[in-house]
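Alright, structures below, take your time with them.
Both complexes below contain subunit A, partnered by subunit B and then by subunit C.
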Partner chain A sequence: MEYVQTLIYGIVLGSIIAVAGMALSLSYGILRFANFAHGDLLTAGAYFGFVFFTLLGWPMYVAFPLAMAVTACLTLGIDRVLFQRLRQSTPVILLISSFGVALIVRAGVQLAFGPDTQVYARGIEFPMQVGGLRIKPTHLYIVGGAIAIVIGLHLFLRRTKVGKAMRAMSDNADLARISGIDTERVIAWTWLIGGAVAGASGVFLAMDTQLHPVMGFRLLLAIFAAAIFGGIGKPYGAILGGLIIGIAEEFSTFVISPAYKPAVAFAIMVLVLIFRPQGLLSGVKT
Partner chain B sequence: MELSGFPAYAVFFLTFVGIYGVLILGLNLQWGQTGQVNFGVAAFFMVGAYTMAIMTTAPTEDHLGGFGLPFVVGLIIAMVMSGALAFLIGLITLRLRADYLAIATIGIAEIVRQFLKNEDWLTNGVRGITAITKPFEGAGAGAEPLIYLCIVIAAVALVFFALERLRRAPFGRVLRALRENEDTARASGKSIVNFQLQSFVLGSAIMGLAGGLYAPFFSFISPEAFTNLFATFLPWVMLIAGGSGNNYGALLGAVVIWLVWSLTEWLINQVIPASMVTQAGALRLLLIGVLLQVILLFRPQGLIPERFRFKRPH
Partner chain C sequence: MPLLEATALVGGYGGADILHGVSLTVDAGEIVVIIGPNGAGKSTALKAVFGLVRVRQGHVRFDGNEIANQRPDRIVRLGLCYVPQEKNVFAGLSVHENLEMGAFIRTDDIGSELARVYEIFPALNERRGTRAGDLSGGQRQMVAIGRALMLKPKVLLLDEPTAGLSPRMIELIFDRIKEINRLGIGVLMVEQNAKFALSFAHRGYVLAMGQNRFEDTGPNLLANREVAEMFLGG
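Then we have the complex of A and B:
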């Protein structure tokens, strides 16, 4: 029973990593640079949720989409101010710039909300007892929300014109450009979608644990590991990667100190890099 | 005569800049010369500092060792340990896309920090390692900081001239060829992975040397001292501000950015009350982050750009 309980925690954590990893993988594939600010976009989303839900007291079904929208706008804003201008230089410069953006966002969050931990709602949440298992309502919200986002993103990528253009550009940017796809517009959409999904995963993360200025950065390695696991530019692969990493991290606490959770994600990433550096699901068409 | 006031501060400032200078010369070999993105500078710095501490302190119950080894031996072992860590990471990631190295190094920095925090038997955990001695301790008359400054300057000079020599050697040319175009370098018959690995390991060993110089300077180290900000982000800003690829630029960047950093501390302390001191830290972080973006946008080549013997084709 203890193992099933741990599996549940693993699935909750895995859902968060999976959703964040999907967004990272998507933007990684289309924009062709590893966005090191992605973890801190989660933090930003979580704190936007804090403003709407806790400070303003709006219900979660209003606060959640608003947090997603504001994070999306922030992400697009960062692109317009910085990344768009740097896009002509080498991708490595974008990498370094995003590393700096991560620190700017983190410092901004700390300036606005202080360095201490916060929670969305005070008081103890009583878990439901289901056949000897403890399940909190927030666990259901997180997993349900993650599934909804995966389905939504799937429909967007499959059914809409912009979604198809995004997949085309991820496969081959030059080919997409000569086919008449407005690549700048696709990039803008990628940031909006990526930012919104990052914001959502940030709110999930805050619901699961607490708010803290480095909460997203701490998860960054696991998110990258999930994206690499599934293959860069393969959002569906990141779902699998995220779940496996989340579950492995929770189960590792039976054997090693919880402080080494990032090391578990790192170990999985290293194994993938050694044996299948193109990712587990590469070759599968998205 | 005990140094005090401005001279004492100047000695402290210069020693610190010198240690940063060594660190950034190592980073310049990796990023400036070879084009490798190492976001885990802190990891190699930490490994160097802890190795130095464990090797040179007197025997104690608190952590492994101390082995009471001489200063120079400690420095050499610190370089070997940092280099060994780099070898392992490089072996896995250097064959792959350039950005995997960045991801792997940022991960290893976090893991090393957790390791140092949690393995009390080795490092005394969060309580840190104390009583790390400088050479010529007890030289008397307040000469100690001055002697240590001389040692640090000697280390900077040694690393600087060695790297300048290396840069002009065929080895340095291969590294720059790799940076500009891997395929051409490969077509010229160069083993990409070997050169990449050598550059990465050597650069990281130099970072380990910087860590080894840092530990005795403060005589106390703990995992909290090595934040990503101090040990990874500031060195990057220094190198990019000074001029990636140019060893003179790397040293100038260390002086200028450390001056800016110290000035912001002084300025912000004038404005913000002491009760909000943690917030002041965030504000400085924000300023230095913005400074990096401004440099990347408006002067990406840095204060002293890399010089080429021949004009670069465009």
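Then we have the complex of A and C:
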């Protein structure tokens, strides 16, 4: 029973990592650089949720989509101010710049909300007892929300013109340009979608734990591990990668101190990079 | 005045010039073939016409517009579409999605163009949902050409559309290109199967070392002893 309980915690954490990893992988496929600010976009999303839900007292079903929307706008704004000017630069320059963005976003959050931890709602949430297992309603919201986002993203990528163009550009950017696809518009959509999903992951993370200015950055390693696990640039692979890393991190607490949880993601990432750098799922058709 | 007219193009990939004064014209509804040895600059010439290679000197006029060094999305809007030699399909997208991406800039109904492409290439109709990357080489070439047809082009630029295909498939692709041409679409194509291509082309150019060497009607080039000895393998 203890194992099943741990599995549940693992699935909850894994869902958060999976959704965040999917967005990171998607944006990598189109923008072709590893966005180190992704974790801090989660943080921003979590705090936007805090403003709407906790400070303004709006219901979660209003606060959540608003947090997504505002994070999406912030992300697009960062592109307009910074990344758009660097479109012709090499990936290394973009990567370093994204590190700068990460620091700025984190500092902004800390300036606005202080360095202390906060929570969405005070008081104790009573878990439901299901056959000896403890399940909190927030766990259901997180997993349900993650599933909804994955389905939504899937439909967006498969059914809409812009979604298909995002896959096309990720496949072959030169051919996309030759075909007359407005690549700048596709990039703008990529930031918007990536930002919205990052914002959602941030709210999930805050629901699961607490708010803190480095909450997203601390998860960045796991998010990268999930994206690399599934083959970076392939958003569907990150779903499995996220779940496996989430579950592995929770189960690791049986053998090592919980403080070392992030090391598990790191170890998985290193192993994947050594033995299957193209990702475990590469070659699998999606 | 020709529909497409490239005049004395000089340019390359940033280093030394590859093109040293190439000139080409295509009239409405014409099939024009470019032949020449490997590395002659045939692909580069097509790319220069389509704005993918920097043109330092010379002009490219299409349908009354100067298009040298213009962005591809502007050029395709004018009705000039390009199929590159390699990596010319979106491998992860289905056949149908590839065709839709060819029409990305269009906001009107693309149903009639889709129907036309499937009519020209019935093999694609049966494989609408197949990933383009899973198709045979010949079918991939059909997808690539079909994608370029989605914008109702006036002229199509094709870079070696039959490279690496079986003799039967080469014949089929050439047959389809003739069919497309009968719809009134001009074709400018680079071809290694030079004799075959010249046999149905209206006109042909022989490029060597980044310059025009010969230009004539298809039959005349085939009959030219010098061209036959140097470029058609005797």
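The definition used in the following text is that the second predicted complex is superposed on the first by the 284 of 286 C-alpha atoms of A that agree within 3 Å, B and C clash if a C-alpha of one lies under 4 Å from a C-alpha of the other, contacts with A are read in each partner's own complex, and residues count from 1 in each chain.
One rule holds in what follows: contacts are C-beta pairs under 8 Å (C-beta built on N, C-alpha and C of every residue); 3 or more make two chains touch, one makes a residue touch a chain.
In this text, all values refer to a predicted model and were calculated from it rather than measured experimentally.
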Combined model on subunit A where subunit B meets subunit C, clash or fit: fit
Which of subunit B and subunit C A:L155 touches, first, second, both or neither: neither
Contacts of A:L86 with subunit B and subunit C, given as first, second, both or neither: first
Of subunit B and subunit C, the chain that contacts the larger number of subunit A residues: B
Which superposed partner A:V4 touches (first subunit B, second subunit C, both, neither): neither
Which superposed partner A:I274 touches (first subunit B, second subunit C, both, neither): first
Partner chain in contact with A:A165 - subunit B first, subunit C second, else both or neither: second
Which superposed partner A:S179 touches (first subunit B, second subunit C, both, neither): second
Subunit B versus subunit C as contact partner of A:Q110, first or second or both or neither: first
Partner chain in contact with A:L55 - subunit B first, subunit C second, else both or neither: neither
Where subunit B and subunit C come nearest after superposition, their Cα distance in Å: 7
Intersection of subunit A interface sets (partners subunit B, subunit C): none
Partner subunit A, residues of subunit B touching it in the complex: 35, 37, 39, 92-93, 95-96, 98-100, 102-104, 106-108, 110-111, 114, 117-118, 229, 233, 236-237, 240, 278-279, 282-283, 285-286, 288-290, 292-293, 296-297, 300
Residue numbers on subunit A that touch subunit C, as the complex places them: 161, 164-165, 167-168, 170-172, 174-182, 285-286
Touch list for subunit C against partner subunit A, complex: 50, 52, 72-73, 76-77, 82, 84, 87-93, 97, 100-102, 104-105, 131, 134, 147-148, 151
Contact set on subunit A toward subunit B in their complex: 33-34, 36, 82, 85-86, 89, 91-93, 95-97, 99-101, 103-104, 106-108, 110-111, 114-115, 213, 218, 220-221, 224, 228, 257, 259-260, 262-263, 265-266, 269-270, 273-274, 277
